[in-house]
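Structures are listed in the sections that come next.
Common to both upcoming complexes is chain A, partnered first by chain B, then by chain C.
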Partner chain A sequence: MKFLAVCSSGLGSSFMVHMNIEKVLKEQGITGVDVDHADLGSVGPGAADVVFVGADLADSVGGLGDVVVLDSIIDLAELRTKVRETAIRKGVTVPDAGAN
Partner chain B sequence: MLTDLLTPETTLFADRVDGWRDAVERVARPLLDSGAISDHYVAAMTDSIAAGGTYIDLGFGIALAHSRPENGVVRTGLSSLRVGETVLLADDPAHPIDLFFCLAATDPQSHLDTMMALATLLSDETLRAELLASTTPADTLAVLTKIGQNA
Partner chain C sequence: MEGVLSVLLDVFRQPAIIVALISLVGLLLQRKAFSDVLKGTVRTLVGFLVLAAGAGVVVASLDPFGAMFQQAFDVQGVVPNNEAIVGQVLLDYGSAAALIFFFGFIVNVLLAATTHFKYIYLSGHVAFYMAAMIAVILGVAGFPVWGVVLWGALLQGLVTTLSPAIVQPFMRKVTGSNDVALGHTGGAGVALSGLVATLTRGKGKPSRSTEDITFPKGLGFLRDTTVIVALSMAVIYVIVALFAGASFVETELSGGQNYIVYVVMQAATFSAGVFVILAGVRVVLAEIVPAFKGISERLVKNAIPALDVPITFTFAPNAVLIGFLASFVGGIVGMSVMIFAGTAIIIPGVVAHFMTGAASGVIGNAAGGRRGAVLGAFANGLAITFLPLFLLPVLGDIGLSNSTFSDSDYGVVGILFGQISLAGGQIAVIVAILASLVLVYASSLFVRARARRNAGRDGDGSGTDSAADAEAPRVGETASAR
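Moving on, here comes the complex of A and B:
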């Protein structure tokens, strides 16, 4: 399973989202997910199982498959919810998934 | 360490600025003066925002102005500007900004620690509030020393 954070530059916001996804996965005890980040221009369909983007790129990633849009890329509470939902949706084993 | 990059010289405050372009120019100024970036980098950031690149709005009134390394980064640098009057990024009411950062990154891997610290700082509700409440460089630098302590 691969989650990919994408932004226009591939350096700033996507990198932060990448690190925050890893933090959230770790704190929730979710394993088996690779996380990476990239710039929009270098990402094609199939680059990852799920692509995470900020709201501004929501319209630009239509061809990238499964996309999760973040309202704020530094809102850990939002990310916790969305990463967890996504992991469950993709069939990744999530500890205490029933307690969600 | 963030405190290697955010110093009294690169931590700026302004009661008011003349719109988002002025804010970007001001926050980039210390990096320009120290030679971390070229004029081209400032233009690249400004052009990107003007073209709709409001993705630098991280949420909570914080923006991380940056562009790609090949657009004029000489060495890694970081600066901040707290504006007293909220600025609308790209003149868009959907993007009110109170705190600008300017990031110059040579490549993602060489400043991993910096980005991790910045992500930790900005994603922490308490530290974020303290950062936005800072009114002097000393306040901001005091917040930076708390990064990771309660993580």
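Moving on, here comes the complex of A and C:
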């Protein structure tokens, strides 16, 4: 399973989201997910199982398959919810999945 | 014994090895497994060489541009693009730049831990570019290598701590909180935008927000750096080629190939070089930035992460486009002035106008509505056109290349310390850096004293140390900003 954070340059904000996804996964004890970040130009369909982008890029990522749009890329609470939902949706083993 | 020493010197003269060692330290600090440490260190070594290879591609495509521009207009034409110039700088100043970057981060953490400026600069790519420019400025000033690294690291730490601080009063208006700061080398221009927007705000009815306008979509392709660099450079190359003339291009540069075909390919090659450099930068930073983040989280209480410009974009998507357009118009106005003045000509760099112009638009909108977004971003556009012009003379040989640093902070820091060095030599540079450090601590003491005096009353909101901020979350633990 691979989650990919994407921004326009693939340097700053996608990297931040990448590190925050890893942090959230660790917090919730979810394993078996690879996380990476990339720039908009070099991502094609199939580059990852799920692509995470900020709301400002939502219109530019059509055709990338499974896309999760973050309303605010600095909101850790939103990321926590969305990563957890996504993991459950993709069938990754999530500890205490029933507790949600 | 001397043989060993000379081998060691050869090793440490290689910037790729210095960067790999920094990465090694970062990985060990994160207590990674042996295989991860090995993998990360080698990847960083190779990543730096990728970056250097990209620099070669960019330079090869800029050389004909410089020749055409000289032929057509008889002045130097300069394309501000951070990746293009940093690629070239790192070939000569790579080791010093890498060490300034590394120790500059440590200075940043120490300043954040001991003053009221709680900003941790996590935009590794622009911090790396800033370190490269500081290495050039101090190198041109004639410092020995250890001096470049020592004073450079202090200066780098000061810049990365203070740049987010000057934008923060406006960032608070955008995000409605004090949880996150802007960490980008466009900081000075963005703060200027906030200031202009505040000053031009009408006394009576405030200008409405940009977000009340329904704005056409379809400019989304501007977000794709590779595409926008290739397209904008193609336009610029073709215009310059038309002025230089078909016969000049075909006899002197293209070896007979049709001149339009030739320049379009050169423009695409420029974008390819930037693409390669970015890929290298990404690999180099991948192992280092997480270590920085981890260290700052452990050492600085109430740290505020300073992040790249796109964090502002979701707050006001219309202001992003308005800001880009207004900034770009500022760049064209600035370029026109240079054409009439007969100076070197700074061609508006689309990437810089997009990134910092958009952030200026968002900040300007928060401070002064539509009018603020337009006027603020326009001011930023003028700033990032004229600052690079005055930066050129203090960069030594690097200033003669056909590219330069594009954002406002490089201009402000480079011109300030370049001129100080020209006026008073190395001593003046050292005095200026130490004086800045003293000022930072003095202002921190002042703000703390005022916060203590105000402790009984409601916080005044301007001191980051005020009671209201005491519960600010840790780096990365930012709460909902909405």
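The working rule: the second predicted complex is superposed on the first by the 100 of 100 C-alpha atoms of A that agree within 3 Å, B and C clash if a C-alpha of one lies under 4 Å from a C-alpha of the other, contacts with A are read in each partner's own complex, and residues count from 1 in each chain.
Going forward, contacts are C-beta pairs under 8 Å (C-beta built on N, C-alpha and C of every residue); 3 or more make two chains touch, one makes a residue touch a chain.
Computed from a predicted model, the values in this text were never measured in an experiment.
Undergrad: In the superposed model on chain A, is it clash or fit for chain B and chain C?
TA: clash
Undergrad: Which holds for A:13: it touches chain B only (first), chain C only (second), both, or neither?
TA: Touch status of A:13: both partners.
Undergrad: One more residue to check, A:65. First (chain B), second (chain C), both or neither?
TA: neither
Undergrad: Is A:54 touching anything from chain B or chain C once the two structures are fitted on A? First, second, both or neither.
TA: both
Undergrad: Check the contacts made with chain A and report whether chain B or chain C touches more of its residues.
TA: Counting contacted residues of chain A, the larger count belongs to C.
Undergrad: Quick check on my understanding: which residues of chain A belong to both its chain B contact set and its chain C contact set?
TA: 7-13, 15-16, 19-20, 23, 37, 39, 54, 56-57, 71-76
Undergrad: In their shared complex, at which residues does chain A touch chain B?
TA: Residue list for chain A touching chain B: 7-13, 15-16, 19-20, 23, 37, 39, 54, 56-57, 71-76.
Undergrad: Quick one: in the complex, what on chain C touches chain A?
TA: 122-126, 175, 179-180, 184, 217, 220-221, 223-227, 275, 278-279, 281-282, 285-286, 289-290, 293, 305, 307-311, 313-314, 317, 320, 476-482
Undergrad: Along chain A, where are the residues that touch chain C in the complex?
TA: 7-13, 15-16, 19-20, 23, 37, 39-42, 54-57, 59-60, 71-78
Undergrad: Using the touch rule from the top, collect the residues of chain B that touch chain A in their complex.
TA: 48, 52-60, 62, 64, 66-69, 103, 105, 107-108, 115-116, 118-119, 122-125, 128
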